Amino acid sequence: MSGEFTAREIMVTAAARMLRDGEVVLVGIGIPNLAVNLALRTRCPNLMLIYESGAVGARPARLPLSIGDPALVAGAAGVCSMPDVFQYYLQRGWIDVGFLGGAQIDRFGNLNTTVIGDYAKPRIRLPGSGGACEIAVLARKVIVVMPHRRRAFPERVDFITSPGFLGGGRERAELSLAGGGPEAVLTDLGVLGFDPETKEMLLVSLHPGATVDEVRVQTGWELRLASPLGRTEPPSAEELRVLREELALSPAPA
Amino acid sequence: MREAMARFVRDGMSVVMEGFTHLIPFAAGHELIRQRRRNLTLIRLTPDLLFDQMIAAGCARKLVFSWAGNPGVGSLHAFRRAVEQARPQPLELEEYSHFGLALRLQAGAAYLPFLPTRNFAGSDLPRANPNLKPVVCPYTGQQLWAVPALEPDVAILHAQRADQEGNTQAWGLTGVLKEAAFAARRVVVVVEEIVSGELIRRDPNRTLLPGFKVDAVVEESFGAHPSYVQGYYDRDNDFYQRWEEISRREESLQAYLATWVFGVSGRQEYRERLGETVRRLRAASLPCEPVNYGY
Amino acid sequence: MREAMARFVRDGMSVVMEGFTHLIPFAAGHELIRQRRRNLTLIRLTPDLLFDQMIAAGCARKLVFSWAGNPGVGSLHAFRRAVEQARPQPLELEEYSHFGLALRLQAGAAYLPFLPTRNFAGSDLPRANPNLKPVVCPYTGQQLWAVPALEPDVAILHAQRADQEGNTQAWGLTGVLKEAAFAARRVVVVVEEIVSGELIRRDPNRTLLPGFKVDAVVEESFGAHPSYVQGYYDRDNDFYQRWEEISRREESLQAYLATWVFGVSGRQEYRERLGETVRRLRAASLPCEPVNYGY
Amino acid sequence: MSGEFTAREIMVTAAARMLRDGEVVLVGIGIPNLAVNLALRTRCPNLMLIYESGAVGARPARLPLSIGDPALVAGAAGVCSMPDVFQYYLQRGWIDVGFLGGAQIDRFGNLNTTVIGDYAKPRIRLPGSGGACEIAVLARKVIVVMPHRRRAFPERVDFITSPGFLGGGRERAELSLAGGGPEAVLTDLGVLGFDPETKEMLLVSLHPGATVDEVRVQTGWELRLASPLGRTEPPSAEELRVLREELALSPAPA
């Protein structure tokens, strides 16, 4: 971690920078919510925020603790039922970007939020899919945000809750999944992308202060590096101000 | 509330209690715990604190769900103890994604034996749940996934208001309330206020459920706390965060149930005991503009 | 209106223009007649006077529909002349029931290649329309009927109001407006009033279509006459009855088009020519009570 | 026609009497609408009126010309979309009674509102199904109201828009149609029902002034008679008052 910002702050900032103005974004709670709200208040004033709870075009006056917060409804452009969100918005192809996180992500971008261990007799029972499976299958692109820890980056996830590129290569394409799959993984150490052919995860850019060794120690397979390897621009003063003041992000480590 | 729960919910039934973050029927759930219902199949997209409490109280034999966490906070510990350690008793799981479970209710509501979706391809969920089956499109020949209809014995739902005939109005997030109601054999609606039919009929587009689909209406002010009711009271986010501490150990969770569920006769006493919290959560005024129905 | 129709509707396109009795986009239809669009595939559950006029004007090559009559009055004569006598030109028909066509739009809106239904068994409709195909339930093995998705090139819809971003609110009957909008590649919404985003956002549950799904908003007061707009003006039942006389003979129908469609530059002139009728149809005041969105 | 009421009036009255209080009725325009409104204002104050347009629990302040009249919306208990009407109300089995009419009805209660003549080259093109097909397939029971004319009562309809008992006997049951099929046909001459076994139409009751011969002349097959054959109770003074004053039914012949 650099002296002037936390690991969590650069992770959120890097995620926010993945968004383009005018995109329709399906927002989850926690870091994705922070990232989207940061983008909305800096580079992307016309981002369209949709929550799987049914709040459309939300303009929350406070940072919501849940994706069903009343502040997401009051002042929203619309409210719709959850069957409408999943069928008319997500399945129909209107969601440009879906944000996901998880307990595990693997070499080909598959995500696990279901169990650690065997499904029938799990060592740790996680919350499950929620809307993650359908976002992974159907959103035009997926952005993953999660801290970079070795146990969270195994070569194969214990359970594919939300499909990435499956076994890599053309496997996702051959199953005709409607959405494009993961585009980037933002961690507290760097920005990762996917090889266009093999669909294997690549380290694209290192955050200030992080090293390739550190990333490799925290990754459960031999991680390939993009060439040339980039350096992430640190959060700007304005980005930090919005995060700390407007979004009340406490500067605790991620 | 006591009569409605006793009349419509029997041991062994399948019960859907919906409300996505908003309008969660806690007062009804607490009454079912007090009545010591057993062997229920509990159905909710997000089991939430409501089912964590009912699981801890021993009401549930089986859970049909899609996301079992404390939103924005962490785990549901009673749920995890049941699944990981079979405490206080084993809990059978039937697991979907939100889309999948919402679609099961939609199929039930429409009296269709199945509905198709483009979801699930590539996910391990179909391996974990044999209820997800492939179906081939008769036009394109492509393979989709199907979910079977879900038709619960009872739906228990919370809403802002209803009239004596059961015509029920809700605004803010409505989640899968309508689908759950039409899918279920019987429907009990808990409302903040019973209002005149006249008021309902001045804004028919707000009606979520027609009276003939509603078997009982129970008036229970503050009945969705610690969740919220848009226009009535805010979500008790503090309590959601405190639940992490309360539920982490079985003893403190049982102590909570002893005080706040078994230790009160009903929601009115619960509300009195909450004291200042009730005032703190009271909704601000943010009225919409009326629209004209004239012709 | 002129620019929106010219920009979004080209000869040969498939165009859904919905609104069940309520909110029928007559102003848009008249503009398409004035622009002499040709070879359109016109899609509506109830073709109504709108499509009777467009058929008489020679805009249509094909009609996708489920009930072609003048509601409460009788036949659509231009439609019948086209079908029975190929005048002014033949008209290809693709025919459903209301449920069937609504379901096709719903499948299109959900991006599903098909949807199943318990309808159609025993009816001759599947024999008349090979688009209706059997599908077998993967759970029960029973045979249902399926409809294929319908994805029109353009949807033209009328509503009470929208903001500049296209967030559209409608109340009263909404028919299949939402399904038509989500099924179509492009969406043009005609509204009685463009209002502030602020007003829309004070009542988000009234929003039928989100702005990102709407490609253009056209403000056209009285744009649904002779159909109606709840809260704005009543249905012109007299005109629906007079249409029987006007449309019975091709000459009088063409004379009507010459005066009321080709003879005006747009809806404003049409409205001025209507004179007293506009005042007669003005809606009475029947406002709903506001609800609170506070928390 | 008897001296004191018209053929249309007794047809509407007979139809109204088929309803039981508290039933959920899917209402069409014209005679069905008159019948339902007559029942609502006399014997069945708790009838639940649903229009396929989406008006639920309507209490129209004026007699609607169309099933989408704004008077059906103002003061209704609810409004829903048409997909909801067809799927959640009708297909789900919540409609107790559907009213239908048509250009033709046959010996087994099948209805035609599509074409006279061949489908591909029709002599007369009729409006088509509208909601009639699904009402005939899915409503718990169907009540048919139409004037008794020989051309409208052929042995076989030219096109089955709305299935009745198809070829009779168990044919409807074998196709597993969700609804029960036609229960009665109310004409200006009498009340007709269906044989519980053969599902053939029977004359159950003759309206005042009508004769069996007259009915047979107006029926395109050898119509069987119920035994004993009933006599329809004439419209009461109250029924006529409601029809003429409250529902403004003009005393023109049907």
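To keep things simple, chains are lettered A, B, C and D as they appear, and every chain counts its residues starting from 1.
Everything below uses one rule, namely that a contact is a pair of C-beta atoms (placed from the backbone, for glycine too) under 8 Å apart; a residue touches a chain by one contact, two chains touch by 3 or more.
Fair warning: this is a prediction, and the values are worked out from it, not measured in the lab.
Of the two interfaces, B-D and C-D, the higher number of touching C-beta pairs belongs to C-D.
Subunit A and subunit C have CA centres that are 41 Å apart. Inter-chain spacing, taken between the CA centroids of subunit C and subunit D, is 28 Å. The mean-CA centres of subunit B and subunit C are about 37 angstrom from one another, to the nearest whole unit. Contacts with at least two other chains are made by residues 55, 70, 73-74, 79, 91, 178 of subunit D. For subunit B, residues that reach two or more other chains under the stated contact definition are 111-112, 117-118, 142, 171-172, 174, 178, 202, 205, 228, 230, 234-235, 286, 293-295.
By the contact rule set out at the top, the touching chain pairs are A-B, A-C, B-C, B-D, C-D. Residues of subunit B that touch subunit A in their complex: 20-22, 45-46, 65-69, 71-73, 75-76, 79-80, 83-84, 95-100, 102-103, 106, 117-125, 127-128, 142, 171-176, 178-179, 228, 230, 234-235, 237, 240, 286. Taken in their complex, subunit D has these residues touching subunit C: 29-30, 52-55, 64-70, 73-74, 79, 81-83, 86, 90-91, 114, 119, 122-125, 127-134, 136-138, 159-163, 166, 172, 175-178. Within the complex formed with subunit C, the subunit A residues making contact are 24, 48, 55-57, 59, 70-71, 73-80, 84, 87-88, 91-94, 178. Considering their complex, residues 109-112, 163, 165, 167, 178, 182, 197, 200-202, 204-205, 207, 209-213, 293-295 of subunit B touch subunit D.
On the side of subunit B, the complex with subunit C involves touching residues 111-118, 133-135, 137-140, 142, 144, 146, 148, 160, 171-172, 174, 199, 202-203, 205-206, 228, 230-235, 283-295.
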